[in-house]
Every structure is written in structure tokens, then in C-alpha cells.
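Working notes for the structure below.
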Amino acid sequence: MQIAKVRGTVVSTHKDPSLTGVKFLLVQFVDEEGRLLPSYEVAADSVGAGVDEWVLVSRGSAARQVLRSEQRPVDAAVVAIIDTVSVDNRSLYSKRDQDR
Amino acid sequence: MQIAKVRGTVVSTHKDPSLTGVKFLLVQFVDEEGRLLPSYEVAADSVGAGVDEWVLVSRGSAARQVLRSEQRPVDAAVVAIIDTVSVDNRSLYSKRDQDR
Amino acid sequence: MQIAKVRGTVVSTHKDPSLTGVKFLLVQFVDEEGRLLPSYEVAADSVGAGVDEWVLVSRGSAARQVLRSEQRPVDAAVVAIIDTVSVDNRSLYSKRDQDR
Amino acid sequence: MQIAKVRGTVVSTHKDPSLTGVKFLLVQFVDEEGRLLPSYEVAADSVGAGVDEWVLVSRGSAARQVLRSEQRPVDAAVVAIIDTVSVDNRSLYSKRDQDR
Amino acid sequence: MQIAKVRGTVVSTHKDPSLTGVKFLLVQFVDEEGRLLPSYEVAADSVGAGVDEWVLVSRGSAARQVLRSEQRPVDAAVVAIIDTVSVDNRSLYSKRDQDR
């Protein structure tokens, strides 16, 4: 999985019928030092993530393991809202600090 | 999924038999600020996207989740025509503006 | 799928038994302006493509959707010989011109 | 598989229900000369790897072949703790030396 | 598939139980002109490849199509030992010349 920050949304009315009701988030990847990378993904959201939150994104066939997505043509999904990231025993990110 | 702009078409008569009737679009990827990237995909189209429209492209096994593509050797599909893309609560793209 | 130009062949006698009889083409990727990229793939051929032809290459599990490849350990396949590529309503490639 | 060094952990309470109990390690990739690369993965751990250990990381659908992960939306897993890496008959890494 | 040169081995005793008995080769990728690339893979070997040989490497779910690997968490496998590579009708590599 990659760490990403929710940046926005993508809306479509004309799409594969199986995608009806799926929320698409535009998430931008974050590197191992917490900086935004010039690389993003449009991911199906099933955990209710909001703008600016850090999330875990699964890509490939893993994205279809999310409940009710088994037969949807999605190749990326937000699978978790991150509470904390620790690297070398130091805190890189904490949702609690972010929410203050 | 990645955001891409439809740029053209690819035509082939001599191909895997299962690909008969599949329309191939050449789509060029767009970055998170709306600029064209030097990277493209030839994607099977099932939503009737036209040149210059922005679309969502699914890659990998997800492309075979589109109806009737289950056993086709395709690794990319246009799965949605995009209406709007919003980043940081600003509009990055709106099909309505584009269509004027 | 990616557009690629057939550049050569790879031959192996000592291989996974399921690969007996499979023809391996070395294909080099082409960018959206028709230039060769410094990136290639060795792809199983089932459409009879020849050197210098432009082809569509499918990668990942899609390569195993080709008839009789379902259980072969191949991750790339030539799935179509390209007739024409059009970008922005201009012709980027035409097999007929190439064959003259 | 890629060689990676365990750098830290990612914690999430709000996630896909199937991910309950899964430990997420932040692992940073190592190149063929043993140097850290600017690229990481958040991988599900089932072998009990600890910070600073070198591990093998499998990505894609392979990550779901780990026991009890078959239906989890994970696209990366730590599948082995590395004892030794040898390149050109020289030792690149030895866990025993590292543990001293 | 990608062309790679066998450079070394990776040994692990503490790993996913299904990986017992699997030999891991460190293979370094080769470009379309025969030069080593700064990119490698640790691949399961089932064809008995040796150091310095050129091989074909399959990645992704294809790696699990090798006999007895169907349920192993491997995402790369050596599937063939290469005899010859020809590009533009010239020989890029010949195992026979190499073995002299």
C-alpha cells in the first residue's frame, strides 16, 4: 500500500453501470519523509475519508477485495484512514495533531 | 484509476479473435494540476468517450471487469467520462465548461 | 495496452514446460508521437507479427487471456497488429504506408 | 520480490473490516548494491519482522497468497526475513553481522 | 517478460511456510542493447539458472503459473534460460559464445 493525502474528488455520471454509487477520491502520494509526490491516484472510497486526511491506498486486484467491489472495474481503493506513521521510532504523522 | 484525455484511436484488423468489435482509444494521462503527461495508454472503450473528453482509465485485471471483457486480453479500459475534478475545493476540470 | 514496434526475437530451449511452442518477440515501446522509447518487453506472440510492424502489447494477467496461454507464466502478449494510429485527427502511423 | 529494510509502522483504527489485526510495516526498498532507494511500501507483515531487518516484499495479487489474507485488500506483504544476500559471489548483506 | 542476468542469491530461513524449498535468485535487468540496468528483482527459480546466465523473468500473477507455485506469495519467477537474443537481425546475445 502507499500513503496518500486526500486532495479532492472526481465526479462522473456517464460510466460503467457497476460504478454507480462509488465515491472517487483524488489522492496524492506522500513519500517516506511525509512530502507530497508528483503522482496521484483516483481511488474508490469505502471508509469515508475526508480532504487532507492521510490514507492507505491499495492498487491492482486488491482494490476489488473491498466489500461490494468484487466485480467493479476499479484498480485503486482507499482501504484505511491513517492514525499514525512512525519511521525510525520517530512520528512522521499523527492524525490527532493534524485535527487540532 | 488515472485521469486521461482522449487523443485518438488505434485500428487493427489482424488481432486476437476476442477483440473483434472492441474500440481502442489512445488516451494521454493528465497530472494532478491538469497538464498532459508524456505517457499514454491504449484503452478499450465501453462508455462511448470522444476526442478531447477527460476520462477515468482502469488498468490491470480491473479492465476485464467491464461487461463482455471478462476474457479479453485487455489491460486498460475507459470506465467513466469525467464531469468534474476538484482539488483543494477548487475546480480543476468541468466538462460543461469544456463543451461550450 | 501499449504501442510497440517488433525489433527481434528471444529463443530458449531450457524453460518452463508450458512455454514449449511459444514464440517470444522483443518489442520496443513507442511514445504518443511515434518515437521509440528506451523500454521493451519480451512478449508471447499469437498473431504472427513480423519485424518492424507496430503492435498492441497487453501486460499482466491480460496476457494469459490469449487462447492456450491461460496457464502459462507469461506477463506480456502481442494481441494485435496495428493498421492505423490517429492522434488529434492526424495519422501517426499507417501500416499501408510502412509496407510500401 | 524486492529487498527492503523495515523502517517503521503505520497504524489505523478506521479501515476495511477485513484488515483488523493486520500489522502494517513501512519498508524502504534497497538497491542491488545495498543502498536505500527513495521508494517505500506499506506491507502487511505475517513473519514478525522488526525494525532494521532486511525482508522480501511481494506485491500485487501475490500478497494475498499469504495465509488468511486471501480476501484482504492488501497489495504488498512481507513474506520473508532475509538471512543473506550474495551478489557476484560476494556477501552484500548478512543478518548475523547486522545483529551483532 | 524482461531479460535479466543472474547476479546472485537471497537466502531466508524465517519466511512464509509455502516458500520452503524455493530458490531465490537476484537477477538484474538488461536493456534492449544488452546493458545492465540499475534495477533488479528477486525471482523464484524453477529452471535451474546459474550466475551470469541471461534469463526471462515473468512478474505479477504470471509467476504463480509455474508448477507448484500456484499458491505461493511470489511475484517474480525465472521462467526460461535464454539461448539467443536477436535485434534487427543482429545477435545481441548468444549463450554459446558466453559459455566458451
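Note that the chains are named A, B, C, D and E in the order they appear, and that numbering of residues resets to 1 at the start of each chain.
Heads up, the rule we're going with is that a contact is a pair of C-beta atoms (placed from the backbone, for glycine too) under 8 Å apart; a residue touches a chain by one contact, two chains touch by 3 or more.
Since the model is a prediction, treat every value here as computed from it, not as a measurement.
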{"item": "Target chain D, source chain C, minimum contact steps", "value": "2"}
{"item": "CA centroid of chain A to CA centroid of chain C, Å", "value": "33"}
{"item": "Chain D and chain E: spacing of chain centres that average the CA atoms, whole Å", "value": "21"}
{"item": "Contacts with two or more other chains, residues of chain A listed in rising order", "value": "60-61, 63-64"}
{"item": "Sequence of chains encountered when the ring is traversed from chain A in the direction of chain D", "value": "A, D, E, C, B"}
{"item": "Residue numbers on chain B that touch chain A, as the complex places them", "value": "1-3, 31-32, 46-48, 56, 58-67, 77, 79-89, 92"}
{"item": "Residue numbers on chain C that touch chain E, as the complex places them", "value": "7-19, 24, 26, 28, 38-43, 51, 60-61, 63-64, 71-76"}
